[in-house]
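Each remark here refers to the structure printed beneath this line.
Note that the chains are named A, B, C and D in the order they appear, and that numbering of residues resets to 1 at the start of each chain.
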Amino acid sequence: METNTNYTFKDFKSSAEVRWCPGCGDIAILKAVQTAFAQMNIPKEKFAVISGIGCSSRFPYYMNTYGFHTIHGRAGAIASGVKTANPDLSVWQITGDGDALAIGGNHFIHEIRRNVDVNVLLFNNGIYGLTKGQYSPTSKYGQKTKSSPYGTVEHPFNPGELSIGAGASFFARGIDVNVNDNIDILLAMEKHHGIAIFEILQNCVIFNDGAYSYYTDRETKDDHQIFIKHGEKMIFGKNKDKGLMLDKNFGIKVVKIGENGVTENDLLVHDAKIMSPILHYQLAGLKDPVVTGVIRSVEIECYDYAVHKQIKDVQSTSKIKNMNDLMFSGTTWTVE
Amino acid sequence: METNTNYTFKDFKSSAEVRWCPGCGDIAILKAVQTAFAQMNIPKEKFAVISGIGCSSRFPYYMNTYGFHTIHGRAGAIASGVKTANPDLSVWQITGDGDALAIGGNHFIHEIRRNVDVNVLLFNNGIYGLTKGQYSPTSKYGQKTKSSPYGTVEHPFNPGELSIGAGASFFARGIDVNVNDNIDILLAMEKHHGIAIFEILQNCVIFNDGAYSYYTDRETKDDHQIFIKHGEKMIFGKNKDKGLMLDKNFGIKVVKIGENGVTENDLLVHDAKIMSPILHYQLAGLKDPVVTGVIRSVEIECYDYAVHKQIKDVQSTSKIKNMNDLMFSGTTWTVE
Amino acid sequence: METQKPIIEKEHVVIKFAGDSGDGIQLTGTQFSETSALMGNEVVTFPDYPAEIRAPKGTIGGVSGFQINIGQSDINTPGDYVDVLVVLNPAAYKANMHWLKTGGTLIVDKDAFTDKNLEKVGLLKNPLTDEDLSAYQVISAPITSMTQEVLADKEIDRKDILRSRNMVALGMAYWLFQRDLSYTEEYFREKFKKKPEVAEANLAAIKAGYNYGENLQFVRSYKVNRAKIEKGTYRNINGNIATTWGLLAAAEKAGLQLFLGSYPITPASDILQEMAKRKDVGAITFQAEDEIAGISTAIGASFAGKFACTSTSGPGLALKSEAINLAIMTELPLVIVDVQRGGPSTGLPTKTEQSDLLQALWGRNGDSPIPVIAASSPSNCFEFAFIAGKIALENMTPVILLTDGFIANGTKPWKIPKMEDLPSITTRLKKEGDSEYLPYKRIEGTMIREWAVPGMKNYEHRNGGLEKVAVTGGVSYDPINHEVMTYERLKKVQDIEHQIPKQKVHGPQSGKLLVVGWGGTYGHLLTAVQELREEKMDISYTHFNYINPLPSNTEEIFSKYEKILICEMNTGQFFSYLRTLFPHNNFVKYTKVQGFPFTITELKNEIKKHLEE
Amino acid sequence: METQKPIIEKEHVVIKFAGDSGDGIQLTGTQFSETSALMGNEVVTFPDYPAEIRAPKGTIGGVSGFQINIGQSDINTPGDYVDVLVVLNPAAYKANMHWLKTGGTLIVDKDAFTDKNLEKVGLLKNPLTDEDLSAYQVISAPITSMTQEVLADKEIDRKDILRSRNMVALGMAYWLFQRDLSYTEEYFREKFKKKPEVAEANLAAIKAGYNYGENLQFVRSYKVNRAKIEKGTYRNINGNIATTWGLLAAAEKAGLQLFLGSYPITPASDILQEMAKRKDVGAITFQAEDEIAGISTAIGASFAGKFACTSTSGPGLALKSEAINLAIMTELPLVIVDVQRGGPSTGLPTKTEQSDLLQALWGRNGDSPIPVIAASSPSNCFEFAFIAGKIALENMTPVILLTDGFIANGTKPWKIPKMEDLPSITTRLKKEGDSEYLPYKRIEGTMIREWAVPGMKNYEHRNGGLEKVAVTGGVSYDPINHEVMTYERLKKVQDIEHQIPKQKVHGPQSGKLLVVGWGGTYGHLLTAVQELREEKMDISYTHFNYINPLPSNTEEIFSKYEKILICEMNTGQFFSYLRTLFPHNNFVKYTKVQGFPFTITELKNEIKKHLEE
């Protein structure tokens, strides 16, 4: 799909006025996406940005590409349709934790299962922003919101575990304000064949402000988030002195270099490409530090590719080439 | 909920004529359920058996309990409603791979996430039986069916991985004809607080006959299925000479006792109750042998319990006890 | 009593095969009807499947039937009552005997009338021996034992032998109608190319049946002469296949690839299944996780520039209603096929009904106008599917095509059109190379917008489900704009009346009584009216395929009759709809909600009543 | 020019507060209206939220408004045009100035009219200084600087100081209407019990505004005397809260626990949110994963014996349609609340409309009759929610209750009923202890079945969405049974006409013109008709709350008028519906599809036109 384009992020800015609340995490994500798109060497007209309904789903209006602001929850199905119809497009689905995981949960797990080559940006702010603050499937247990005045008694999904459980070939996580990391991830998604889920921890300043502050507080963030890269050691911390290591039976543990004889060499090296999901599943599930970066990226045949390949295969051997052939095939009789 | 009942499986047979095809795996499952219900010491009128639409979903008609044959895909939501409305009932959801994982996929993952105390029997025959043979979300890649005359290019779900990825507190697997094992599992489900997913590999003799014959063929089945129990070694094989062992990094491997110095003591002991899902996730994903038995069973607060507890808590402190209290509370004024 | 075997010549004869669902009745019926068509008869068939779950063998619930009306003149229904009934077990006998005309012929496997089988269907005695069947010509043959005998020496196993009972019965039917065996011979030889012994066994069974007939004494056989049929090449086709092909023909004409997003549901699954086979002509099928994803993927495909379709039945249409509105708001072409079945809720999934009409017209939030078209015979499903595609693509709108279980499963010979002879389809795809694209600018003189799709340079734009600003297509909450757009959407649909043919009336162009039908009841209504007109009754008949908008001359037609009798298979939905549009006409209704087509007899009685009043 | 400050006495005055969405306009409006109500005025309010996404500060898209009509006699709408407009920034000015009556009062924060702010809304010059505003009484006050000044020495930070601008404006409005400050004082003291400094700051701001007014020269203030109000205890209530409480009252009366399964959607989310608070009276709320699960969980709860409800808006109703049919087929009680908004598709989510009527009546597969009820004012949402519950529980049927964005968000004082005074509700729960239970046996003389729920001994049975056998409730594909059941379901709904009050007509009981409305347009229509009748015009008016079935005397009423003018906020859905039922009446329609209520003026003009014709 690559050609010689010469874009800057401005080429991807539409003329529509950005209407998110000042301080909303969506704004930084928009910037990262515009910047990344400019670096993808794809002609602008080949981008299709498809969203559902939600604050985040306003996204296509701000992108100077083909855009479709559809209906609540259906972005995954509609994006699957766009990509299957025309695999030549670069299809980006923009969705929220409500849009993708509440009403759209079924389309979400099925686009993952089919491995449609769609790039999904899941804006996870742990709340329904657009409808003004009801809890979502990723709100914390006990969280008080407009619809849970006494605290919700529902357990949240971990979108990474859910995605991998549904068979995701690619899962990444990022934090809204980590624009540069996010650009890296966006570029990796574009390169990946098959579904690419990118969960972005996004701050809703109005209805769920500080939901991720444990991970993002300027003071302490380096000790509570880790950005991992395929082939590199899993190391983090303000002083780069912490890391992840295999635990004896199952699981991963956080260790400190220098303590209990742990050296940097003992740390796990990230392998995003092993087919077994076990490592990825654990990384996705880790609570502290929260794991960002490309957690899983494996090659599985894409649905859209396979659909068109099958059509070509059938056509190459079939005697029926068009409707006249078809209609006159089989048992017919002629009255003269 | 237990009382002194004195039932036999016949008490749970309704007068409706069983209308599944002769040889259909559903018939053996019905027998197991009727037998297990009789052993649960629950008054008959407290059972609510809720299904969607599909061959399997005819199930409630054959059970002499309260039954609800609802609409396609909604069994999970309707069962959640029944149980949340009245936690005192023993609620059993009967569903197929199409009903639960295609159209009903969203309700399925959400009832799991909420951990509603519903017992789900997922009849997985890898096909849409009732509509006469289209592929389902668990049909094998490449499978030729009425709707995939050239072979489907979709990748199947593994219902165990999907359930655990969605946060399941209980997951078990069984094979239709293993009636006694299935009875054990059904009894365990009843004891479990919270969602209990039981995937039953069920043979559809008409549209997908032999889908599981690799696991179930009389000759070879002992070498391709393992029934695991909490606290017991994972051992299987015709000669009880095979087992599962931890692999060096992540994962589980099949070993033969006596080969490469492996002894029975090296085999894994099943722990269905560890909170970490990693072991369970791997067992659920194993292809050969297929793992049956209770794979995961951990205690997490049930939604229906928490909902009613919260109501009681609020009521115990609130000054508002009834509608008159409510309507006359807050800002009012009186005209005289 | 006659000593010679007489032959009864008839204009048309109805024959029904019935047996257990395992008995191969559908194959038997298909062979008989195709042979008859090849011999020059008009043929209309109606397969009558058992309820969706396989009932235990030999029960009423498990009876499968296949009814065929063959004739030498224009026939339009599979017939109400049957002239010849072929039954393979007591269940089939019990379920069908009341349809056999007095004087008709009953062919029955007397071997199957064992005590056990009789008991299964609650028959206390054997009707073949203990009832007075003298009103019928009964051929009570030992079909099971004949089959066993004939096939004893063939190389097939016992189970398979018994599966050939239907072929013995078919042979008897062939004899009864002096059918040519060659078509069926060829069929089996081709089908079992690799297992010639199976082909031979089947053919042996057929011949045994045929010969059994030859040897019968005192039995009348039937003769139906060749029909006077328009020149051309024909094939049998059922409504679902015809619908599929009609959509494909529209795609080819429009120069677009077809995309079908669908979820299986009785009785519409065949469309998905046939389309999945049609990778040869390039169709993309997306078997979605549910109906909502079915239409949503199709809307995505339409956004991406394909000819997008979705197929379903009533409960599925209900689920799609929110998404249909997205297609209405975004003005994207889309065909939604609804093969109607008995409702409400899961209802009667295998039975036919016309009760989704109001849902199709109005079953969505907001004011959401949509064209609705209804096919009226198995074969014209092709034509109306094609037209639905044409209207959708030319007007940039979703279109609902209604068929029903009766025409979807029924077959009729169909004169195969040449693609060259079908009307052209002009899509609204924007030409590449223009400098600007205004998504909601209307093409001059119309309410139709142009279609720019991803991949086209310089036409990047955003579309969506919020109200659109006129011309530019931005988002707008402006009150007046909303009203303007609401009426633009409405007018776009109303304008279609200029693209469709005028409504025609059979019979006098004015008078006392106009009989009105729509959709799948055509064959029955036409036959009833024709028969009454042969009885010199002064009635007219008009049948609607275009439901919204109605043909432009509809009001004019209605104004010419004193009374207008609307016949439909629901509680009166078209009747209600017409009342909303034409307050000045005298509408009355005749309805049937039995999951089963009208019979000619009941229609005639009802119509007569209105003439007499 | 007057030298004294005159006071204008008025029957009713409309005041509107407008500012940026961050300016606390809703709180300001609520305080003003509650204070007025407490002082004995009739009050109707209408909050006008910005479009759903927060627009950048100071833009038109971000304007929030709150309109209040206070009066001393029966008032039914928040008013069209306003007497007093309070605006806190140029965007609010631009968006609202055309609603201010000539001679009306404009209170404005002149500090906010900076070049930057003016530019944001495309104003090239400052209207306060450069435009002729002499047609209005303008109070151009330095509200921002006053706020800063007054609060400079208080212990709150700068950001919070500016948040109190609205309170200065409120103080000015209080002065203009001589309102008593004590209610608001109490409110703040209670609300900020733990932060008395915040309470004091707010009160200081209010007083500053009030005093500013006192010191103004040459300014007319308003006086609205106490209304003659029926004795009783009152509160302000909006439609969504009233709906929630009405459902809860029905549950309490029926002796059942309430279960609400719902998914948030504008403008219905308040119902879920209020119900979630109502754990104190035992309500179970289930915030579902989508609308389908919302209704499905409710159906499950109904099966289990709760009073089950689900709440949504148009797109959600579309999604629920398949499941509604399950409740129709299984004859389970259920209330479905649809708070209508502008459609189709996502449409105009924050605007009001009445365009889901046909969807409610007919938007389902098959013949699927359902009672439909529409509330017509914020406060009578209570009454009709209660009645919807009563009808559902007493008739074993789902019921659709229609409200709309206008009445859902608008408030009206509501005379609080005592639970003792509400009608009783008799559920159809089967008494325990009988020997047998036939799920589809009708209670004698009715079409209503009894309700046995899990947990009841000996009544185990199976229900479901397939067609039911009459009486026993088994599954049946029988043709005649299907027809019987179809008409039983229909008759059950029709029979409800005997349970509802007769329709009443305001004005002459026969004549030339009958104005007809339904649902949320009541206030506007009534006011328009009353004003015309004061002008001695000969018109009558009737307003429908019971839509299906209609009151039994509807046809009789219609037959007494030469012309019937149906006014509604869609393209004519009630009009179409009435035509299906009453072919002999002369219906005409007046519609508005602007996401915005009728104005009294446009209604009066239209009605006059029809009188003159």
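Please note the rule applied: a residue touches a chain if its C-beta (ideal position, glycine included) is under 8 Å from a C-beta of that chain, and two chains touch if they have at least 3 such contacts.
Model, not experiment: these values are computed from the prediction.
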Of the other chains, whose C-alpha centre is the longest way from the centre of chain B?
D
By C-beta contact count, B-C versus A-C, the higher one is A-C
Cα-centroid distance, chain A relative to chain C, in whole angstrom:
44
Could you put a whole-Å number on the gap between the CA centroids of chain B and chain C?
40
Return the distance between the CA-based centres of chain C and chain D, expressed in whole Å.
47
How big is the gap, in whole Å, between where the Cα atoms of chain A centre and where those of chain B centre?
29
Check each residue of chain C and list the ones that touch at least two other chains.
279, 289-290, 292, 315, 322, 325-326, 330, 345-346, 464-466
Residues of chain A that touch two or more other chains sit at 53, 71, 103, 105-106, 110, 137, 150, 154, 307, 310, 314
Quick one: which bits of chain B touch chain A in the complex? Just the residue numbers, please.
103-106, 109-110, 113-115, 137, 150-151, 153-158, 161-167, 246, 249-251, 276-279, 281-282, 285, 300-301, 303, 306-307, 310, 313-314
Touching chain A in the complex, chain D uses residues 52-57, 59, 61, 263-266, 269, 272-273, 276-277, 279, 285, 287, 289-291, 315, 345-346
Of all residues in chain A, those that touch chain D in their complex:
17-22, 53, 55, 58, 71-73, 102-103, 105, 128, 130-132, 134-135, 137, 146-150, 152, 154, 206
Which residues of chain C touch chain D in their complex?
51, 292, 313-315, 317-319, 321-322, 325-326, 328-330, 340, 342-351, 353, 355-356, 358-359, 361-368, 464-467, 477, 479-480, 482-483, 486-487, 489-490, 570-571, 573, 576-577, 579-580, 583, 587, 592-596
Sort out for me which residues of chain D touch chain B in the complex.
34, 37-38, 40, 183, 229-236, 245, 248-249, 252, 257, 259, 261, 278-284, 286, 288-290, 292-293, 296-301, 303-306, 308, 322-323, 325-326, 330, 416-419, 453-466, 474-475
